[in-house]
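A, B and C label the chains in the order they appear, each numbered from 1.
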Amino acid sequence: MTIMKRVKPAGLFIGKLKYEGDLLGEITEFCIKENIRLGRIEALGSVQKARLGFYNQETREYHFFNFNRPFEITTLVGSVSMKDGSPMVHAHITLADGKGNCFGGHLAAGTIIYACELTIEAFDGPELERGHDEDTGLPLWEMEE
Amino acid sequence: MTIMKRVKPAGLFIGKLKYEGDLLGEITEFCIKENIRLGRIEALGSVQKARLGFYNQETREYHFFNFNRPFEITTLVGSVSMKDGSPMVHAHITLADGKGNCFGGHLAAGTIIYACELTIEAFDGPELERGHDEDTGLPLWEMEE
Amino acid sequence: MTIMKRVKPAGLFIGKLKYEGDLLGEITEFCIKENIRLGRIEALGSVQKARLGFYNQETREYHFFNFNRPFEITTLVGSVSMKDGSPMVHAHITLADGKGNCFGGHLAAGTIIYACELTIEAFDGPELERGHDEDTGLPLWEMEE
């Protein structure tokens, strides 16, 4: 069932992320510090190396892989919601190498920032808490109509 | 001619799309139900299979192709505007496979949702209606300065 | 150091870009005309050809390359900030060809529009001015906590 909730803007942040920091870790840390519990993120920039995930829909397990070289971040989009009582950032990233070829997937810890511009929009609204979803095996938002 | 119109935020929605639903169809149906006539959409998630389009600028025809396998959605961006009196969703999508390779194009009906987080921003402003554009052969927004 | 600044929405624009115009040039010109000094941009559409950049983190020089053929724009994301006293658009782009293969990088002048839908969000807040960054050699935002 498609379920959408109406929310309100509750804060807008723009800035740059720490050189050689962990991309997912830095965004998560900021959300926890500012108590952003629901929202949306967007970024562009570059990384020194990347660790990405792909969810295997048959085995229902994430498969992770590393690219040990620099990339431009052509897009990072994601959400902020709650898991186990704490803000959790879920982001997908698209990267481009020196020939312009693109690679992407689920952003995992281990992706190291070279330079990154980030926007975060915080929302006011019903909290979205992740829980086990039967259909997919993923920790999706538990929502009722 | 570049023509931009000033609009105002008129509603913000976040949620998840129906497992095994049609990605373009589910978003369109929600916009029609909520009477969203102008806006912007953004999503991330995964699909079971994809049907994408590429507009051939020489023949002025869309060429459609299928990828019958699962992907992560690294980005979906799109607009909501009007065509023939009804809200129409125009979206482009970027996908990543199990090796991180990316594929993308114009989102067509036939792309099946595995899991998807969607944000929709509705706008108040002059309605944008699609009509035939001479320069490109595409159904672009009919806008006057 | 990760540094984020709180800003406020200050204007929202949606429209289409000039057929055969320069993608980066048209967006920049609009920001200058409207005096947008801080903000975020997003676009989708198609191009007749593209010129992209990749920053070599070892030599600290941009390497530019051309793709002399049409693509769909699957995503364009970027920021508006200040450089040398004038609004500067920084954007990264993801493209898809007729087989759905993706290419991307730092958007450079020389990327020619076929059709393009653009959204610009202007922000009110502390101006972000670009200056030389020691760690990366890039013109990053000069920010203090």
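Observations on the structure shown:
Definition applied: a residue touches a chain if its C-beta (ideal position, glycine included) is under 8 Å from a C-beta of that chain, and two chains touch if they have at least 3 such contacts.
Computed from a predicted model, the values in this text were never measured in an experiment.
Taken pairwise by the contact criterion, the protein chains are fully connected, each one touching every other. Fitting chain B to chain C on C-alpha positions gives a rotation angle of 120 degrees, to the nearest 5. Counting the residue numbers that touch the partner chain, chain A and chain B have less than half of them in common. For the pair chain A and chain B, the distance between mean C-alpha positions equals 21 Å. Multi-chain contact residues of chain A, defined as those touching 2 or more other chains: 9, 75, 94, 102. On the chain B side of its complex with chain C, the touching residues are 1-9, 38, 40, 52, 54-57, 63, 65, 67, 75, 77-79, 90-94, 102-106, 123, 125, 128, 133, 135-136, 138, 140-141, 143.
Per the touch definition, chain C reaches chain B in the complex via residues 9, 11-21, 26, 29-30, 34, 42, 44, 46, 48, 70, 72-75, 94, 96-102, 114-115, 117-120.
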